[in-house]
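Note that subunit A is present in both complexes that follow, paired respectively with subunit B and with subunit C.
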Partner chain A sequence: MTTSTRADFPKLDASPAPRLKAFLRDWDSVEMVASLLIVGLFGLSPLVIKVPYYLNMIILTALFAYFGLAWNIIGGISGQLLIGFASFVGVGGFVTMVLLIRFSVSPWIGLPISAASSCLLGAFVAFLTLRYGLKVDYLALFSLALMMILKIIAQELDITGRASGMFLSFQKDSLINMTFVGKVPYLYIATGMLLLGVVIQYVTCRSKTGRYLVAIREDEDAAAALGVDTARYKTIALLLGSAMGGLGGGFYAIFSTYLDPALIFGLAFNVSLLIAPIIGGKGTLIGPILGAILNKPLSEWIGGTVSAQRPGVTLVVYGVILMVFILFLPNGIAGLLRVPHERLRVRLRSTERLRNN
Partner chain B sequence: MDPIVYGQTLISGLFLGGIYALIAMGLTLMYGVMGIVNFAHGEFLTLGWYICFWAFTLDGIDPYIALPLAAVLMFVVGLAIQAVVIQPVLKAPFLNQILLTLGLSTAIVGAAQFFWGAQPRTILVSYARAGMMIGGVVVSYPRLVAFIVSVVVAVLLYLFLNRTKTGKAIRACAQSRPGARLMGIDVQRMFMLTTGIGASLTGIAGALLGPTYPFMPTTGGNFGFTAFVIVVLGSMGDFIGAFVASIIIGLAEAFGGLWLGDDVKQVVSMGIFVLVLLFRPQGLFGRKT
Partner chain C sequence: MSLLKIEKISKYFGGLAAVKELDLVVDEGEILGMIGPNGAGKTTAFNVISGFYKPDSGRVIFADEDITGLRPDQICKKGIARTFQVVKPFAQLRVLDNVIVGALSRTSNVSRARSKAQDVLAFLQMSALEDQLAGSLPIASRKRLGVAKALATEPKVILLDEAMSGLRPTESQEMIELVRRIRERGITVLLVEHVMKVIMSLADRIIVLHHGEKIAEGQPQNIVQDKAVIDAYLGEVKTDA
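== the complex of A and B ==
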């Protein structure tokens, strides 16, 4: 027997214990609260952690969790075959960097422009590949091809620094230029972006659009038969995710002070964007955050020890992790956590029914 | 511009087209039969090329002698990959299938970097520049051989798919999986065979590229990219379409490279990709759905 999700919302007149039960029954809100707690911990971490190396790790974790959330809206929640996500991140990065370095435009203005540019690119991709009746595989093929072409274009243009890429050099703190000598300000910005991502994803998920997106993921033909304009909702998801990717890309470029077309539009970076939501659980709210937390120490360890001796190890490990998770744990860690919760949910419901009778 | 340059470009276009055909035919076959877009197909080519590289540098085996070896080895690699990673996801959602082959391609690029380094490598054969002059145009022997072999392989494969019982069984799987099963066809075996053939073709392509084309671990991905455009242009799953589209794209890239510069020849393919998606998304030979 299934109950509609709406009935799971906590009732206001309930006493605290049933309210807690109702809350626990609605797994989305549990994941949301847990996500917010993690974001809070990220935000408070500079109080305890002072070592730049660890702060750097936390910033990157927050940032890749944010990228994971952005991809999750497209790939996880609406199940679209967007596998070349680095295109949007890279374009965002180049827009902010070009504006700052060539035209002295502050990243505070550059980042929204980055988001808009990537969104525009997303609109182009959606226009070409998401029309009704096209093979779904076209998005996968096109998004990956796009990455390759953007790399070639960035390597050919003077304004993007050709093959050597772009460097951002600075001596002192500047709030306008978003350049800081210490790590802490970056951490606050990254955490703020992650918070934004968590909220956007949650709101999207709980909205009518989110429900449609899940319906499209589960069975596109059935959703279309029920009157859902599938192309339109898929486009909305793609635009939202690509805009978020562009914003994050802009910040990533400023933070790493360096942008190499071969890296940002490369296979390894693209996979590192996808790995967090896949380990953590694509299609779940908290998955990308869990995945990023698990992945960061791992990739640091590989980068620091194994990969230093021989190239390619990082790629092998990423590739194998990707395959192993898809084969054995396609819903990731968060999917695993859902299992005991389902059990709890069933038990709660049965005890309630007993009491009511 | 003088006709000699055009002639030269035509030759390199046909050479490229022949190589592309070997890659794209396997890709389109796998898509047609199993519904899988193999994002690791370009990386299969990488493996094929490095097999010949190893054969040459370790044992001094000429790439043309290593060709059957590469074909057989890649066939075995294809079988293994099919059995271990592709078979389990055949019923999974599309996204999982695609992420899986993406993971596979990532792992292969990494492995190639690990074993052979990230720098470009060449197979230094004595006849790399040998060729004959036809009306001022240099026709390089390795390229000529590559084109002839790829056409011969394409014809053989076509005959195999259309005239032999096994080939017909493979095509039956493409048309209807349950139908094929009801006719007593071992569908799993046909799938194995399909991936084996697809991988084997990239092994042949790798050997043909060997004498003339420098390679690094990401080069296969570039060929894979062009193969994507080809299978879409030639209608996904259409075998003859893939061959025709390969020649078209090979020529388009060669002439595009002539006018725009060799580094950006892929921009031409991308342009064609966009045009196909805009105006003929079912591909050249597809019927409108």
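== the complex of A and C ==
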């Protein structure tokens, strides 16, 4: 059985304008192209921007957009309330740093090992989640507790530098050690990772896996009744998100050149990981990217003005921002953008119907 | 020929037997109605069959295979689909995307699942709603969407949990027609219903539950004359009204 619109599809494909309309109607494609454009701008920015301070900001924006996408797969798309995402980032950071500093293993090898290590931690979390039915608030609390435990472990082990953490010192550029005096190489790596994140999320969302994850988020019982092995797909989301977090954590550590257990496994850093996807729009592709773009200058400003006089106020400001978004804009900036897009969609559809009739 | 057989199923919540030693046979191609007052154990029986509850004792046999204790998704793959009494649309997804999730149980190819979902929606005369967000649908369409999702999994048996409750008379008449057409497709229907009139006109056979036990079984016209049924169910309805 074919509907009239479907029968007319080949005709629509014939000229470019309807193809453009079909593209514009599809939010996923619009989001994907917009995201790629932003990634491209990040990649080209060194042509125009030379000041290290601003380059630094773009690197962090790209990186936190990437972290946002990583968390998004777990918390946004599959809807698992895993708050303590810094665990995966921190473990990834320490693995790459320990390998480089203690064993002289290149980060190019260290980063994939970081991803694998965090993925293993993700598997542990998935096992506990499913074995003991940790859902919603229990998972949130457990993930935060895990972060605290990891902090204490890192502060007690000699190999991770105990409480003082790890420092990476270098004098000259080294591609093998991923250490650079200038910012530009870091920017290319960070942009490359963001591109990877965008592609992973887009491909996931278009596939059966992505559709199943969203179904689980919307209603787990209804999904199970439709043949979705909820345990399996929730695990897949956790493994994927944690591996991505670990990879990013490894790079973040090398880029920062130091790793402090109290910071990386701390609440403030964890909040900075979640703020991009939450204000940008969780569960969307462009949301975490827009969130990071908005958040980075904002946090610089808060850090430079408010926090300079009253240390600790930063967290209060972030707390308020998060609350406002969670209460009034649960779908974030991307959710706002969807409203005009939906109107455009309806218009395109109705003109198409008219033509078909 | 029996397609689905339930043998001495019991399910306790604390000390209370929600379903007690229930026997049930669903024949291939029939519409079997299950009725009973509130708390009779109808939905519990559904949850046991569809794998949401593990029974404390007894077996569920489907197409000569013991499926007791399988997970809901495994049972769905075997060919038993269900709807929920309290509808569970994927609210933030479009109607078509809701149905695609069901169709993906038989294929991993999303575009094949999409055209399958479109077929199912056309069968349910819901093609016009394809593009709407499921959360924005009125209740009658939500109930229909529940049926669409279940049908998209290509079931041999469909369990409909109060598909007519909360509907207006015309809507409920449409749903009755729909159930008939589902059966014409060769799908066996097990129907839980509160509305007596609906089940009388639709079911080939009726099972009456009361306090988790089967108190009567038979043709609709015999059921309405059964003394136990009148006491347990119809009598109660009368005093309510």
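Here is the rule we go by: the second predicted complex is superposed on the first by the 336 of 357 C-alpha atoms of A that agree within 3 Å, B and C clash if a C-alpha of one lies under 4 Å from a C-alpha of the other, contacts with A are read in each partner's own complex, and residues count from 1 in each chain.
Going forward, a residue touches a chain if its C-beta (ideal position, glycine included) is under 8 Å from a C-beta of that chain, and two chains touch if they have at least 3 such contacts.
Fair warning: this is a prediction, and the values are worked out from it, not measured in the lab.
**Q** Return first, second, both or neither, reflecting whether A:Asp28 touches subunit B, subunit C, both chains, or no partner chain.
**A** neither
**Q** State whether A:Met323 touches subunit B only (first), subunit C only (second), both chains, or neither.
**A** first
**Q** Contact-wise, after the overlay, does A:Val228 reach subunit B, subunit C, both or neither (first, second, both, neither)?
**A** A:Val228 contacts subunit C only, not subunit B.
**Q** According to the stated criteria, A:Glu300 is in contact with first (subunit B), second (subunit C), both, or neither; which is it?
**A** Touch partners of A:Glu300: none, neither subunit B nor subunit C.
**Q** Thinking of the overlay built on chain A, is A:Tyr212 touched by subunit B (first), by subunit C (second), by both, or by neither?
**A** In the superposed model, A:Tyr212 contacts subunit C only, not subunit B.
**Q** Which partner, subunit B or subunit C, is in contact with more residues of subunit A?
**A** B
**Q** Considering only touches as defined above, state whether A:Ala140 meets subunit B (first), subunit C (second), both or neither.
**A** After superposing on A, A:Ala140 lies in contact with subunit B but is clear of subunit C.
**Q** Should A:Thr129 be classified as contacting the first partner (subunit B), the second (subunit C), both, or neither?
**A** The first partner, subunit B, only.
**Q** Contact residues on subunit A for subunit B in the complex?
**A** Against subunit B, subunit A makes touches at 75, 79-81, 83, 128-129, 131, 133-138, 140-142, 144-146, 148-149, 152-153, 155-156, 217, 267-268, 271, 274, 278, 282, 310-323, 326-327, 330.
**Q** Note which residues of subunit C are touching subunit A in the complex, please.
**A** 50-52, 71-74, 76-77, 81-82, 84, 88-93, 97, 100-102, 104-105, 108, 110, 113, 115, 118-119, 122-123, 127, 131, 149-150, 152-153
**Q** Where on subunit B is subunit A touching in the complex?
**A** 31, 37, 39, 85, 88-89, 92-96, 98-100, 102-115, 117-118, 217-218, 221-222, 225, 228-229, 232, 236, 263-264, 266-267, 270, 273-274, 277-278, 281, 289
**Q** Quick one: in the complex, what on subunit A touches subunit C?
**A** 1-3, 6, 206-208, 211-212, 214-215, 218-219, 221-230, 345, 349
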